[in-house]
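Please find the structures below.
Each of the next two complexes has chain A plus one other chain: chain B in the first, chain C in the second.
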Partner chain A sequence: MNTWHEVADLIGSLLLLSGALVALSGVIGLLRLPDVLTRSSAATNPQTLGILLLTAGVALRLRSWVDVGTLALVVFFQLLTSPVAAHLVARVAHRTGQTGAGPLLRDDLAGQGRQATGGEGPEPDGSGTG
Partner chain B sequence: MTEASDILLNAALGVVLLAGALLLIRVWRGPSMLDRAISIDVMAALIVAGIGVHAAATRTRYYLSIMLVIAFLGFTSSVGIARFIAVRDRPNPKAHP
Partner chain C sequence: MTPPAPKVPRGRRLDVPLIAWLTVIWMLLWSGPTWGNLVSGVLVSVVLCLVFPLPAVELALRLRPIGILRLAGYLLYDMVASSITVTLRSLGGTRRPRPAAVIAVPLRCRTDLMIAATAVSVSCVPGGALVEVNGATATLFLHVSDADAPGKVERTRRDVWRLEALAVRAFGTRAEIDRIGADPAREEPGRDRGE
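The block that comes next holds the complex of A and B.
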């Protein structure tokens, strides 16, 4: 039984280190990518896979069902709320024309009031909350 | 095997701290407020990660609720920036390419 505890500790530590490395790779992507949309795609890396691996590691180290439930809630809310923020940020980036140097390959918001130089304020177009 | 776990946990803590330090560079430079909003989101995720590493290293469970609250409310700052500040922001995208 004790051996299995040590094995669980070791696997949990490995998962924690791999989650931290995934988070570091996402941050390096944030530093190196050129514009808001690509940085947003790099930012999903620590928010989803990094948090998943880290919470799995913490659950393997703590080994209590209450803590596993709390960590599952952490993962659930993280996966629930980070797309909301990313959606709003990407929508404002599109609206204020910060979508990078080149043209977009596919622009589903093309007819919804894109401004080239930045807006004066929230537009009353009602096309969304962002 | 315990020593290996300790080494791995210390390495994870160092990697999380390094990621936070690198992220501060993006917050400092990031040409528009939207970049800072994204960086603040990632910073909330890194704070959750750091609390998780601490909880795993010391086997305490008292900070898991703080992880839960940050994971639940971390997106509100970035939503506020995107909704109320970034639409009036005029960045210079050539300043820091």
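The block that comes next holds the complex of A and C.
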């Protein structure tokens, strides 16, 4: 019984540590990567994985079902919302033409797609062209 | 969490699964399943559903445990892989930036829910960022970095299709799964129209 608690504590600590490291790597990417879109992907993927590892570690250390449920809720909403945020950032970046240093190799979105999904507000200029 | 009753529109009427789900969240947020939490949760959920009615959404949702497990496993693997990619790239010093591209990926599924599920899953693909979703034509637009690398665009497109198949096999209806069985390459001739 007691050994199991110690094992769970140990694994929990390792998960907490690795989650923190993964989140840190995401932040370093956020600072060092060159443009909006790569930075945005650095801000979402490692952060989500970091949250996942952190909550798993916390769950192993708390070991109560109600807390595990709450943590599962945290993970659920994290998984659901961070792609949406990343998508909005990417969409704005594309519409304002901030898609990296050089011109785009190709842009399938250049002419179409906007009227069907956007529909709101005035049309921006032909952004992100090659 | 939702029984197969896709034809019921969500208007100003009580949606029992939604209320149950909101109540569960309420109880978790108030730290535990007590009777007081249950009663207040049901009250709050009913009031919320009456005051803020949701638009009618065709809920063509099925929960398939094996498919969900496979999707979760693949997403976890993808997330680890993309985290490693991002870490290596950010630690690897500033390289000369390679040209990126925005590519259109036509999907095979047609329901809004499946398109959304695929779009959310796609955010985990390494090196790809979702720029736009066109629900009418079921097309995703992805920003691909390093697009001049040979086969990179094709590989990204195949990744998206694989994620789509996994997502539909986890949550889709029978009709959508049948659609997934089709060859994605059949859309190939139309894809270069934005050239």
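Keep in mind that, in the parts below, the second predicted complex is superposed on the first by the 107 of 130 C-alpha atoms of A that agree within 3 Å, B and C clash if a C-alpha of one lies under 4 Å from a C-alpha of the other, contacts with A are read in each partner's own complex, and residues count from 1 in each chain.
Keep in mind that, in the parts below, contacts are C-beta pairs under 8 Å (C-beta built on N, C-alpha and C of every residue); 3 or more make two chains touch, one makes a residue touch a chain.
The structure presented is a predicted model; accordingly, all values stated were derived computationally and were not measured.
With chain A as the common reference, chain B sits beside chain C without any clash. Residue contacts after overlaying the shared chain place A:L54 against chain B, while chain C stays out of touching range. In the superposition on chain A, A:P46 makes contact with both chain B and chain C. Once the two complexes are laid over each other on the shared chain, residue contacts for A:L109 go to chain C alone; chain B is not touched.
By the touch criterion defined above, A:S82 lies against chain B and chain C together after alignment on the C-alpha atoms of chain A.
Judged by the touch definition given at the top, the superposed model places A:H94 against chain C, while chain B stays out of reach.
In the overlay built on the shared chain, the residue A:T38 is in contact with chain C alone; chain B does not reach it. Minimum Cα-Cα distance between chain B and chain C in the superposed model: 5 Å.
Once both structures are placed on chain A, chain A residues 26, 28, 31, 34-35, 40, 46, 66, 70, 73, 82, 84, 86, 91, 93, 117 are touched by chain B and, in the other complex, by chain C. Of all residues in chain C, those touching chain A in their complex are 25, 28-29, 31-33, 76, 79-80, 82-83, 86-87, 89-91, 94, 97, 99-104, 119-120, 122-124, 126-137, 139, 141, 143, 145, 147-148, 191, 193-195.
Across the interface of their complex, chain C is touched by residues 22, 25-26, 28-29, 31-35, 37-38, 40-42, 44-46, 48-49, 52, 66, 69-70, 73, 79-80, 82-84, 86-87, 90-91, 93-94, 99-114, 116-117, 128 of chain A.
Within the complex formed with chain B, the chain A residues making contact are 6-7, 9-10, 12-14, 16-17, 19-21, 23-24, 26-28, 30-31, 34-36, 39-40, 43, 46-47, 50-51, 54-55, 57-58, 61-62, 64, 66-67, 70-71, 73-75, 77-78, 81-82, 84-86, 88-89, 91-93, 95-96, 98, 117-122, 129-130. Within the complex, the chain B residues that touch chain A are 1-2, 4-5, 8-9, 11-13, 15-16, 18-20, 22-23, 25-26, 32, 34-35, 37-39, 41-42, 45-46, 48-49, 52-53, 55-56, 59, 61, 64-65, 67-68, 71-72, 74-75, 78-79, 82-83, 86-91, 93, 97.
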